[in-house]
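One structure, pasted below without further comment.
Labels A, B, C, D and E are assigned to the chains in the order they are written; within every chain, residues are numbered from 1.
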Amino acid sequence: MGEVTLNHYLYLSAILFFIGAFGVLFRRNLLVILMSIELMLNAVNLSFVAFARNAAGSMDGHVIAFFVMALAAAEAGIGLAILVMLFRNRTTVQADDLTLMRD
Amino acid sequence: MDILSLVTFLPLFAAVVVALMPARAVGAIKGFALAASIAVFVVSLKLVQGFVANPDMQFVVDAPWLPSLGIAYHIGIDGISLFLVMLVTFLTPITILGCLNSISDRVKEFFVCVLFLETAMIGAFISMDMFLFYIFWEAMLIPMYFMIGMWGGERKIYATVKFFIYTMVGSLLMLIAILYLVHQSKVQTGSLSFDLGVLLSTSLSAQQQWLLFLAFALAFAIKVPMFPFHTWLPDAHVEAPTPGSVILAGVLLKMGTYGFIRFAMPLFPEAAIRAIPLIATLAIIGIIYGALVAMVQKDVKKLVAYSSVSHLGFVMLGLVALNTHAVEGAILGMINHGISTGALFLLVGVIYERRHTRLISEYGGLTRVMPVYATVFMVVTLSSIGLPPLNGFVHEFLILVGAFQANAWWGILAATGVVLGAIYMLWMYQRMFFGEVTNEKNSGLKDLSLREIAVFIPLIAMIFWMGVYSKPFVSRMEPAVNQFVEQMTSYRAAMNAREGAVVDEAMLSGKPAVDVKVGEN
Amino acid sequence: MTILFYLFAVLAVAGGLIMVSQRNPLSGAFALILSLVSLAGLFAMLNAEFVFILQVLVYAGAIMVLIIFTIMLLNLNKEELEEAPVGWMRLLFTAVVCAAGAFGAIKVFSGLQPPAVDMAADFGSIEAVGRLMLSDFIYPFEVISLILLVAVVGVVLLAKKVI
Amino acid sequence: MSNMLWIIPIAPLVGAALNGLLALIYSGREKGPNERLISLIGCAAPIISFVVVVRLFLAMRGMAPDDRIIETTLFTWISAGAVHVDFAYWVDALSMTMLLVVTGIGSLIHVYSTGYMHGDRGFARFFSYLNLFMFAMLTLVMAKNLPLLFVGWEGVGLCSYLLIGFWYKDIANAAAGKKAFIVNRVGDFAFLIGMFILFMVTLHLGDPTLDVPSLRAMAGIHHEAFSKVAVAACLLLFVGACGKSAQIPLYVWLPDAMAGPTPVSALIHAATMVTAGVYMIARLNFLFEMAPAASAVVALVGGITAIFAASIGFAQRDIKKVLAYSTVSQLGYMFLAVGVGAYSAGVFHLVTHAFFKACLFLGAGSVIHGMSGEQDMFKMGQLSKHMKITWLTFLISSFAIAGVPPLAGFFSKDEILWSTFNATVGPEWMPRFLWVIGLATAGMTAFYVFRAVFLTFHGKDNVSKEAKHHLHESPPAMTMPLVVLAAGAVVVGFLGVPAVLGGPNLFHHWLEPVLAGHAGGHGMGVGAAGMSAVTVAAEAGGHGSSSMELILMVVSVVVALAGILFARVLYVQMPGAAAAFTSRMGGFYTLVFNKYYVDELYERAIVRPGYAIADKIMYRLIDAGIIEGVVNGLGITARLVGATLRLVQSGVVRTYAFFMLIGFLYLVYELVK
Amino acid sequence: MPMFTAEMVKLMMPLFILTGGACVLLGWSAVSTRTARAQGWFAGVVHVAALASIVSLWNADGWPMLNGMLIVDRFGLFFAGLCTISSLGTILVSGNYLARFDILRGEYYALLLLSLAGMFVLVTAYDLMSVFLGLELMSLAIYVMVGFRRRDLLANEAAMKYFLLGGFAIAFFLYGMSIMYGLLGTLNFKAIVVEVVGRGLVKSPVFLFAIALILVGFVFKVSAVPFHMWVPDVYQGAPSPITGFMAGAVKAASFAAFLRLFYMSFFPAHAQWSDIIVVLAIATMTLGNIVALVQRNVKRMLAYSSIAHAGYILVGMSALAIDNTRAASGVMFYLLVYTFMTLGAFALISAIENRTDSRGLELEDLSGLGLRRPMLGFAMAVFMFAMAGIPPTAGFFAKYYVFSAAVERGLVTLAVIGVLNSALSLYYYLRVVVYMYFRKSASEQPVHDDWGVRVVLIASVLAVLWLGLGPSGVVPGIETVLGWTGDSLERIVSLR
């Protein structure tokens, strides 16, 4: 266990990002997919913050991380609203049921 | 407005006027369309009158259109395009007159199509700017597409879509070739120009030439149509309404052959010369194949369609024979085919209007009930099979002489088309016109009306005129053709000099290089 | 410090993994909270005071509450909530693709040699970041407000029973 | 003087146009146009031509033999590149001979037709066609250049087509017309190629031309260049001639052509058009002389055709068919003559044949007219009682064709036989062989012609009652030409009385400048090399011993008489013998009766397979199958691919995301590598 | 440093007008739901005002403002204007449509305005931050509008799919942004060029990795294969006016930022990414066209057609060159033309679409339209021919433009594939014409063409024809629009 460098943070962010991606690809529950996207955005934030600290030396990353969070909130809101609407009409939260349109 | 632009855009103007007329004023629309097309013809006569027999482009207009893209409104005619333009202006009123009664559905749209088509066709023949040419070339498709699709027969949709896509495939590749050529020209000259004159002086490597030529040749070969790209034609012809067939056979097919002589061959002379054996082979196959397949057709329109494949094979053979008389024969052939086959389709249209069938077996003994019709049909048939001194013979003779001169086998093989042509046409004629009237429905058929006779008189007159006295035509095109042939042969001479005259030997199959000498005379 | 990093890292990854592997979204949500909180810890380690606070407040707090609240709101029974088990092949396939992505990213990052940078004294402080946000980033700040406005309107339009 | 030349072809053309117009105008009406008017126009046209021809002939006789040329250029027909073809007429002694025959006999037949076609609904149309034919034939004869000759060549073919199918209601007639045209076209194809070869030679020599006089002049100068291609060119031209003149293997159309009205058969298919091939070879004799091999082929084909057609003539029942095969046979004779280099003999036979064969046909026509359209000889007999003039003229002509002296046929045929006997054409055996064939043919000709005579006019009366009721001698309009022609058949022979019989052989001398003269025109130096042995031996006729000539003459007369006698025995004296003989011959008779099944052979070997190939292989397999298959296949493939690819669009979001991730990995891979 | 000068306010006026209008609308619609028609009018007026201010700014010649976050230059204004026109058309078409489906709400117009504001942010973006926010503002509003037919199952599904995948894609984009930020310390377009070239990072894997990630965001929005899969479903499920808006304005705005970023910031690495764009272009054209062949649902078919058009535009993207702006102006011209074609086509579809069941609008429903309603048929035929690229319509010029750029760039094979695709596409475009003109109508579908639809159709037809016949005024105009590239490209060259 050497010293923790920027690269470690980046590795972690990459791992988290692709765990999130895995969640999007693998899970059928729309809620979980939504959360997986949140996880991906968090991985991005980690990357921003880590870069801000270790490479850029500016706090721009922090500001951007804030914006990403705001966006994540907005997205969560819209996403959940769509989910609720969908659930009202279809009574399902499973992504695989959304196949009225295909081919 | 200069006279050439006037001829070109007058039909378009008329089309717009027709489009603005109330759809219910059928009579007025028909009358106006006819009058307009006749007016175009009359105006176009000024072209012939003002034409001077020299190889230069005449009535030239060269105005900037999109200067930043190197595109100009550059038009002009020489001896080669003069008569093709005349063919358009001549055939259009005849076509309109011929279909006055047969088109009863959506008359307005129909005449808009015809007049729009006329502008596009003339435009394609006079464009000296590749881009302009391409625009007109493609613009022809749309009215034709509608003509077949809206007023066509049972399988019209299949036919018209096939026609459209088939021709588009070729022309799109040509578009790329044009773009590439222009780009090369830009690299060499430093300025962007689609002008044919500028592009002609572009120097290209052998491989570039070859690929570009193939792209051009494909587009034109589909349009001609040369074997094996001909299968759209029978379908399109069979399903097209009479005027559609007339214009399609009369003019549109010539776009292909014209494309070869105006663009594909002069732009890429070396590739063209290399491709001559291939083109000649396909042309000869087309001649024989088209004739044989025409022979077995049960549908008279299909028969005529395949006969076009055969006739256009002659034209192509004449073009690649590369001697003055063959090329002139080819150009005459384009015009003659336009007249004869146009007339044939009109004739078929006459009978189709009365009986609504095109099956040969439905007819028989028509001479008895429609003697005038039979006579006209006979004259046209004879013209089509190249009976001297009707028009068909002149061009076939010139082409065959020229082809024989270029390569004895070409002449011999192509000449079999003369025999086969007689077989299928006369057999068809026999089955339709001779014998007893076997089908009751035919016994009461009316002979040609005065209007219909009026349609055919100019055509028959042309058939005789061009057969007996083709000099006014040939003398006007000769300078331009000579120039074309001289250029091509000088390229060939240069190539032969480079390659040790191997090609020459092969091409002339042991005969001395007489054509080169003729070119020099 | 190193140990702390690894602790948070492991927790974050574990939280993520649990989230994506739990068939019940509610459990997943809690796992995600674990992950987010761990990340907050990492932010703190990176001197990102402002982000750390927001992470806890907004993310682990507000957003996750919203999600959990929605789950509850939908009032799903177990069958509706949980998804059917997924085939192994699919798991393997997806995992391999994602692993490839992660591996690729790591490989790319491994070549990165970040320059040593000096850090301002107030680096990451709320004040500094706030100042930055309202000066250099005033335009994005305004735009994000529009985004939130859209979100508000959208949620109302879509989720309200009767509009 | 030469200005009058244009009247000769134009007069019939105007006639054709006028009558054609009348025919068309009246086509929709109940009644046709006035027959008198039609007849007037129709007959006036050839007669005007004939008058002009006679005037010109007289004028020409006044010229020095070597200057006997009248020509006129109307306008430039084709002028493109190296090809320059004038619409030019050019008459020398040879064409003058032909002109006389064509316009003379043509006029007679026009007159005859006014009677024969009386009452036919297509009266005007008929005369229009007939006049048009005259125009074409005259153009053929007078053409200065080969393309123009070809115009006439094709033109007569067209008129032949139209006239054979004149009674188009019977599809068989129309089919016969079409067959004639197409078979002719096969010949024309070769003709064209032959013409091209000549053109190439002249082009190569720097003076591209197809003018006959120029060709002749150039052939004299550039002997070597011409002789290189002469064989090929001549053979090809000969194939063309075979088509037009119904020689093996292209003779099949002529018997069928009898479907046309009988005057047509007389004019076109006996007297004029079918001799065009002979005329053309005589016209181009300078070329054929350079190609002994080609000449040998001509002679051989002619000889074989002669005997072959004669043998078929044995077994025909239709009187016109007999005459048709007879024509083929006689044409073979003419080719034999020109093949062995006896051009003047060939042309002479052409002239005499025109008279007696036209007379025979018109006589047959008269018979048919009288018999209300019956053509089967076995349903005739004893007609001599009813149709005296017809019978007499027919008989005279029959003697003429059989070669009984001193009628026309005797002189011309004998000259051919004698020339053949003396010829040096081909391998050594050939002249004698051909002579034997010729002799045999002479005998056979005598036999079958008299078979026809006896069956028709003598022998057993098989005329049906109904026919007998209408049986009558034809009107004067028909009998008058018969008489004139019969008189001709008697007289014209004396134009060519050979030297051995003390005659001046006027005909031979008349043609001499044309047929033997080209060498003379350009000095003997060329001539010695240029004139082949064929010419030397044959043209000079007198080179063989005169006693030999007399002996052979007697032999041929004996053979002819034997043939006549044999026919008399079989068909008059022992009516049963013919039937017995026929049954004895059995299979052979059937073979002959069916014309050796040549038509069937063509049908099976060429027509049907050709059609099948065109239909099954070209149209259905290649066109509809392969090419359309590829074209539509491309479309179908695109749609299939589309139908497959759309399945990827499963509707499942995760799949979409999955593809995005794959795409992302691809981007990373490509970019970072 | 004064934050806002009067000049800057003027330059950002369109944005202020749009957002201000949106806020007013939101307030208005919160208090009154009955006056939705009037709200639509108001939105239209706001559009016109925005358009007017865009036009008035044409010669303003902006500079990077607000810490280099945005630049209101002609390039941006061109696209902003284009999007505004498209949006205005959408408004004109929407009224009747919304009323018919009983979703006529003022918020709809507000969202449209906000989305358009997002587009403005996007097309004037001079910093990745702005790109990101513009994308999100635009997209979030559209997510909502896609799902605006709340009771329609297809609309629900479309909104959900679009939202999930959009979020997924934006995560990649952000990730790329973060790496770019970390590597270069800046997200400003110009600064990126300076840093990349200055520090010799052109071939750096990290930089390229970041490009790949950012590219995902763009190619998702412009629907390149294999990031296209949301398109058919979303286009089908969305309300037709919105589908037209997405196909036209969204695509144009996305391409604008895409073009600006890649033609400027990432252009030093052109050699690295151009091959990818070529591959994407080929895949996109081909797949779009091939699958469109087998579609019977009109909207779905046009969705695939829209994918194919993205492919053609990508041809132009791949042919971007440093020494001339042919490809860039080709892309711009293409988008200009495509916006009109697609606006018109979807306007017509909006007028025809009646069904609420899952079958949707099928080709059969168009049967005989050209015969029943000649003007509508003519308009649709013009759009179809234009999309197929047949002269003398503008579609031909557009294709000509991008393909000629490809040829000049030596991408002949790509151009050949492009034209073959054009030929392939003919089949399904012509099929629409076939149904409209050559088939008798089975059922007489009512056509709800109110004056709004007609205005849009007439304007689109005129635009398509005019741009096809005489783009002489437009083409040089576009070339001058790209003046900004001249400056930056010279700079790039000098930095090398």
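FYI, a residue touches a chain if its C-beta (ideal position, glycine included) is under 8 Å from a C-beta of that chain, and two chains touch if they have at least 3 such contacts.
Since the model is a prediction, treat every value here as computed from it, not as a measurement.
S.K.: Would you mind naming the chains that touch chain B and likewise touch chain E?
M.R.: Intersection of chain B and chain E contact lists gives D.
S.K.: Which chains contact both chain A and chain D?
M.R.: Correct list: C, E.
S.K.: Which chain is the middle one, judged by CA centres?
M.R.: Per-chain C-alpha centroids ranked by distance to the global centroid put B first.
S.K.: Which chain has its C-alpha centroid at the greatest distance from the C-alpha centroid of chain E?
M.R.: D
S.K.: Top contact pair of chains, counted by C-beta pairs?
M.R.: After counting contacts between each pair of chains, the winner is A-C.
S.K.: Among the chains, which is located farthest from chain C on the basis of C-alpha centroids?
M.R.: Measuring from the centre of chain C, the most distant chain centre belongs to D.
S.K.: Hey, how far is the Cα centre of chain B from the one of chain D, in Å?
M.R.: 37
S.K.: So the centre of each chain is just the mean of its C-alpha atoms; given that, what is the distance between chain A and chain C in Å?
M.R.: The separation of the two C-alpha centroids amounts to 6 Å.
S.K.: Let me have the rounded angstrom distance from the C-alpha centre of chain B over to the C-alpha centre of chain C, please.
M.R.: 70
S.K.: Need the CA-centroid distance for the pair chain A / chain B, whole Å please.
M.R.: 65
S.K.: Where does chain B touch two or more other chains at once, residue-wise?
M.R.: In chain B, the residues touching two or more other chains are 165.
S.K.: Could you tell me which residues belong to chain C and also touch two or more other chains?
M.R.: Only 94, 97-98, 101, 104-105, 108-109, 112, 114, 136-137, 140, 144, 147, 150-151, 154, 157-158 qualify.
S.K.: By the touch rule stated above, which residues of chain A touch at least two different other chains?
M.R.: Expected reply: 6, 17, 20-21, 24-28, 33-34, 50, 52, 54-57, 60-61, 67, 71, 74-75, 78, 82-83, 85, 95, 98, 100-103.
S.K.: Taking all chains into account, which pairs touch?
M.R.: Those chain pairs satisfying the definition are A-C, A-D, A-E, B-D, B-E, C-D, C-E, D-E.
S.K.: Give every residue of chain E touching chain B within the complex, in rising order.
M.R.: Where chain E meets chain B, its residues are 371, 374, 385, 390-392, 396, 400, 403-404, 407-408, 412, 415-416, 419-420, 422-423, 426-427, 430-431, 433-434, 437-439, 471-472, 475-476, 479.
S.K.: Which part of chain E faces chain D closely enough to touch in the complex?
M.R.: Residue list for chain E touching chain D: 160-161, 164-165, 168-169, 172, 205, 208-209, 211-213, 215-216, 219-220, 225-227, 229-230, 232-233, 272-273, 275-276, 279, 287, 290-295, 424, 427.
S.K.: Which chain C residues qualify as touching chain A in the complex?
M.R.: 1-3, 5-6, 9, 12-13, 16-17, 19-20, 22-23, 25, 28-29, 32, 35-36, 39, 42-43, 46-48, 50-51, 54-55, 58-59, 62-63, 66-67, 70-71, 73-74, 76, 80-84, 86, 90-91, 94-95, 97-99, 101-102, 105-106, 109-110, 112, 114-115, 117-119, 123-124, 128-129, 132-133, 136-137, 140-141, 144, 147-148, 150-152, 154-155, 157-159, 161
S.K.: Quick one: which bits of chain C touch chain E in the complex? Just the residue numbers, please.
M.R.: 104-105, 108-109, 111-112, 114, 135-140, 143-144, 146-147, 149-151, 153-154, 156-158, 163
S.K.: List the residues on chain B that touch chain D in their complex, please.
M.R.: 162, 165-166, 228, 230-232, 289, 292-293, 295-297, 323-329, 332, 364-365, 367-368, 371-372, 375, 382, 387-389, 393-394, 397-398, 400-402, 404-405, 408, 411-412, 415-416, 418-419, 422-423, 426-427, 429-430, 433-436, 447, 468-471, 474-475, 478, 481-482, 485, 511-512, 514, 517-518, 521
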